[in-house]
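Before anything else, here is the set of structures, which you'll find just below.
Note that chain A is present in both complexes that follow, paired respectively with chain B and with chain C.
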Partner chain A sequence: MSSGTPLDRRPVKLLIVDDSNIVRRRIERSQQFDDLQVVGTAANGFEALELARRTDPDLVTMDLTMPQMDGIECITQLVKLKPALRILVISALADKATAVEAMERGANGFLNKPFSDRQLNEAIAELMY
Partner chain B sequence: MQSSGADRVRRLLTAAAGALLAALMALVLIVGFRLATRIRANVALLQRASLLETYPSALSQQLTALRERLGTLEYTGGVHQELADSVAGFDRNLAALERRPGVDRPVLRAAGRLWKAYTPVLAPVLAYSGEPYSDTDFGSSLSVSGKIYYTQVRRAELFAQSSAPALHRRLAALSAALQKRTSSAASRLRLLLSVGVLAVLLLGAAAAYLQLARSRGERAARAAEEQTRDILHTVREGLFLLDADYRIGTVWSQALTHLFGREDFAGLSFEELLRDKVSPATLATATKYIKLLWGERAHENLMKSINPLGQLEVILDNGRGGKETHYLQFNFHRVVGPQGVKHVLCTVADITSNVMLARELHEAQESAHSQIDMMVSMLHSDPLQVGGFLDTAAAGLKHVNAILKEPARSHAEFSRKLTGLARELHSIKGEASALNLMSIAQRVHHLEDMVEELKGKSELTGNDFLPVVLKLDELLAHLRAVREVILRLSTLKDGPPSPDGTLSSPILRLRGAERASGAEELAATLQGLARKLAEDHGKPFTLSLEGLEAVPVAYLPTVKDCLIQMLRNAAVHGIEPDAVRRAGSKSATGLVRVQFRRLESGCELVFEDDGAGLSPETLKEAAVRKQLLTEEQAAELDNRSALALIFKPGFSTRTEVSMDAGRGTGMDVVAKAVYALGGRIGVSTHPGRFTRFKIALPAPSQTAVA
Partner chain C sequence: MLREEELKTFVEGTTRYFEVAAQQPATIGSPYLLEGETAMHDYTGMINVSGKREGVVYFTAPRAMLTVLLMKMQESDFSHESMRDLVGEVANTISGNARRDFGHDFVISVPSVFAGEKPQIPQPPGARSFVIPIHWRSHSAKLVVSLT
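Let's look at the complex of A and B:
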């Protein structure tokens, strides 16, 4: 799956944003790419922005319903901060309108909760490789 | 599609061949024209040369004629003039030939030299202008000049006779050369003409082939067009292309007409297509989605997974003047060209029947699940308790029916009707969930939703209640099913049921030692509800019950209703989440105490929780929000009266509705029940510490006890 990657195989830096501790750990453990490196986990939009500034991630997994700053707002700000950032929305919201909204704001992929490890890895692969 | 490259090559080849042939034709025409011109010029030269050929003999003859005339003393003027004309003609024609191309120069020059030799002998003859005859008495004779003239003519005649054959030979050679050139040019022209004819034939053949190919192409195009039309007329999905301006193209399938009840699709924007059919929010989402389809970020699979129009509920005309709800499924496929997305192909299908079927299946499945849930909960609950509940519920629903049958005219009356309905349903739901009969509780909750929706309407008519009546029938059917299950379960436990199959049959009523007293039954119900509430809301609390055995039988139903309601309120509003409790240095487990005492004057029921307490300010705000009070009224209210707000109908501090509280029905039901028994209810509270309700009831009358 990771074959055919660009020559500069610098690890992809991943930032996990989700208000649920369980989901954060779930994502951390399920990733199977050797060249994926979790650079931070955030529980809300403010933390996510702060971490994004500090750790300069390449990929963010983003929950939508979070306290304080929600995912949609956070995506908007992140895209402003780092236009090249790839954002994978991982949400339990079955509402398609929210998904469309997230895509419009600059998200690159969408994954529904609950998800399997395979689904997560495929979604990441589609975005990054 | 595939053959377009080959087509283009063929077209190019035929065009090149045509151009080549046309060029060839032009060349043939130009060369032919030049050859013809040359032949004409040659023919003119030939004529001249032939004319020249006649001159030498003509000159000889003229000179002979002149000499003979001089000899016979005849008139010589005419012949002399002819001779002069011939000499001038020869000079002129010779000069004319000299200037022409294509004339054999050496021969011409040789002829010229020979002709020049004539000049010395001819010149004196031509120069003669005297009178050649002299008349005497003896008759006429040659004059002196005439004799000289005769001698000169004789000399010229002899010269001409000797020179003429040589000159004639030269001139004949000239003619022959010209003749040869002309005939060679003519044969070349013939050849050229053959080539031209061949080229014309080829051109004609090529044109015919092209025409044939084109008409074959046109036939194929017509056939393809017809097939496309047939497809678009027959296909059951709506098909159309959207361009980059999100407008529908000129080609679309006939099914769209049935789906949208219009014909003017070409040029219509996607937004206009959906505008009156869906909510503005859905329309906005759909428009955003369509825009995303043109973007680079959109993977086909991703876009498919977030398609907001996969099951779109639309209101369509049913063709009989009415409206119908349909479900449409839109699918989008991007048509990508070398410059990115060219079009988006949309397919629309009416999936109403699929949706309905899926819904029915889901409902059937739900119902099967709830049946199983019900069985399981039955196994865990006391059939007597359930039986009691079913009796209460049946009574309650009868009441609901009665409320529904009440005639009402004004909006206020309808409103009252709804409030009554809401209360009845709420208490049934409370009991059902206390007994863990979730299938019943959910149905009642659904009914409550409907009632709530009706409350929000500005205009109410009797017809608005019809869906509620239908749902109520369904609930009653469900209750019957529950009875059935109870009966079967009791059969399993106790043997065959009684013939009439009712719950009040001795089988359920007489279960000997197992039979619980009313108080025990109440205690079990309350404890069960407490456990469930603690679990549902994640707020562990202990329920302590004291003196319930002292509750007079007549008060049991009321006490039970009130306690269920207050218990729910305590779990939802009173007891705090354990984090908050710990922060307030309280024990993590909450405590709810219920005490019932018989006093001399009657009875007293105290209900107390060690939760957050009531805040008069919060209550006032809620009352203002619910428009039970104006801001001014709220400001003037003292704390005691503020607390009493919770007994007002329609009051609730929760903004979101859960199964247990928040509908604004609760303490008003309790208060109403207490008042109905002639009792009083009071509340006291301490923020952060407790809330305490005291209910005073009069001593039960003797008749009620029985």
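Let's look at the complex of A and C:
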């Protein structure tokens, strides 16, 4: 069978990072992609780095305002660890400067909270395909 | 000192939260200046603000309202921890969205959450506190904005 067919394409591995359990579950429940596999969830930057080393994700959704290690610092370290990683920031911080800083550190997309299921799936799709 | 026209940012943020997260708009009452203390509901999520402005933003709501809000979000966990998580997230989202108007120097903390206890709300000198009443379905909650 030739490569690239749906049967032999491996799932995209997703790591969800947010200090809210409710938001983590919401992202996990609302994503509608058959070829997306949630490989872990983390409540802060330290947990995210540890899980990224263990699970080797392709895609990360990243909150910014978190205890212990915030999202901006975590993005910086994740990109050093895995430069090809795609990172979607999902944050309530709605000023342009924050989005620009996140992108400069290595994020690939930015979605503001609160978000609808449709907005979430569109944002994930943009980074998956 | 917080100006009345700046409250629009928080009113719009509250409206947006219920419209998007709960998929059912809330009715926002007329904001009023808080003199003294306000009554707290069962759960309160508080954000400390520093940088260009100082003070707090807190969301306080009854358990019954939070339960329905969680149900609207298709949550099945209605534990004490979920209630705490939710009030913190609401306060965080509305405060974070305020940076659209207040800018990058409107620095917000992670949420502090209080339940079943009277929270100690810090009041920086020169801050004015406004209460934004929130009515959603048959429930009432409040967003309190206290900023220099």
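One rule holds in what follows: the second predicted complex is superposed on the first by the 121 of 129 C-alpha atoms of A that agree within 3 Å, B and C clash if a C-alpha of one lies under 4 Å from a C-alpha of the other, contacts with A are read in each partner's own complex, and residues count from 1 in each chain.
FYI, a residue touches a chain if its C-beta (ideal position, glycine included) is under 8 Å from a C-beta of that chain, and two chains touch if they have at least 3 such contacts.
Not measured: the values here are computed from a predicted model.
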First, second, both or neither for A:80, with chain B first and chain C second: neither
Partner chain in contact with A:29 - chain B first, chain C second, else both or neither: second
Contacts of A:66 with chain B and chain C, given as first, second, both or neither: second
Which superposed partner A:118 touches (first chain B, second chain C, both, neither): neither
Partner chain in contact with A:109 - chain B first, chain C second, else both or neither: first
Winner by number of chain A residues touched, once chain B and chain C are compared: C
Partner chain in contact with A:97 - chain B first, chain C second, else both or neither: both
Residues of chain A at both interfaces, chain B in one complex, chain C in the other: 97, 112
Residues on chain A engaged by chain B in the complex (per definition of touch): 96-97, 99-101, 103-104, 108-110, 112, 126
Complex interface listing, chain B residues touching chain A: 281-282, 285, 288-289, 291-292, 297-299, 301-302, 305-308, 310
Contacting residues of chain C [partner chain A, same complex]: 16-17, 20-21, 70, 73-75, 77, 81-82, 85-86, 88-89, 92-100, 102-104, 106, 108-110
Complex interface listing, chain A residues touching chain C: 19-23, 25-26, 29, 65-67, 91-95, 97-98, 112-116
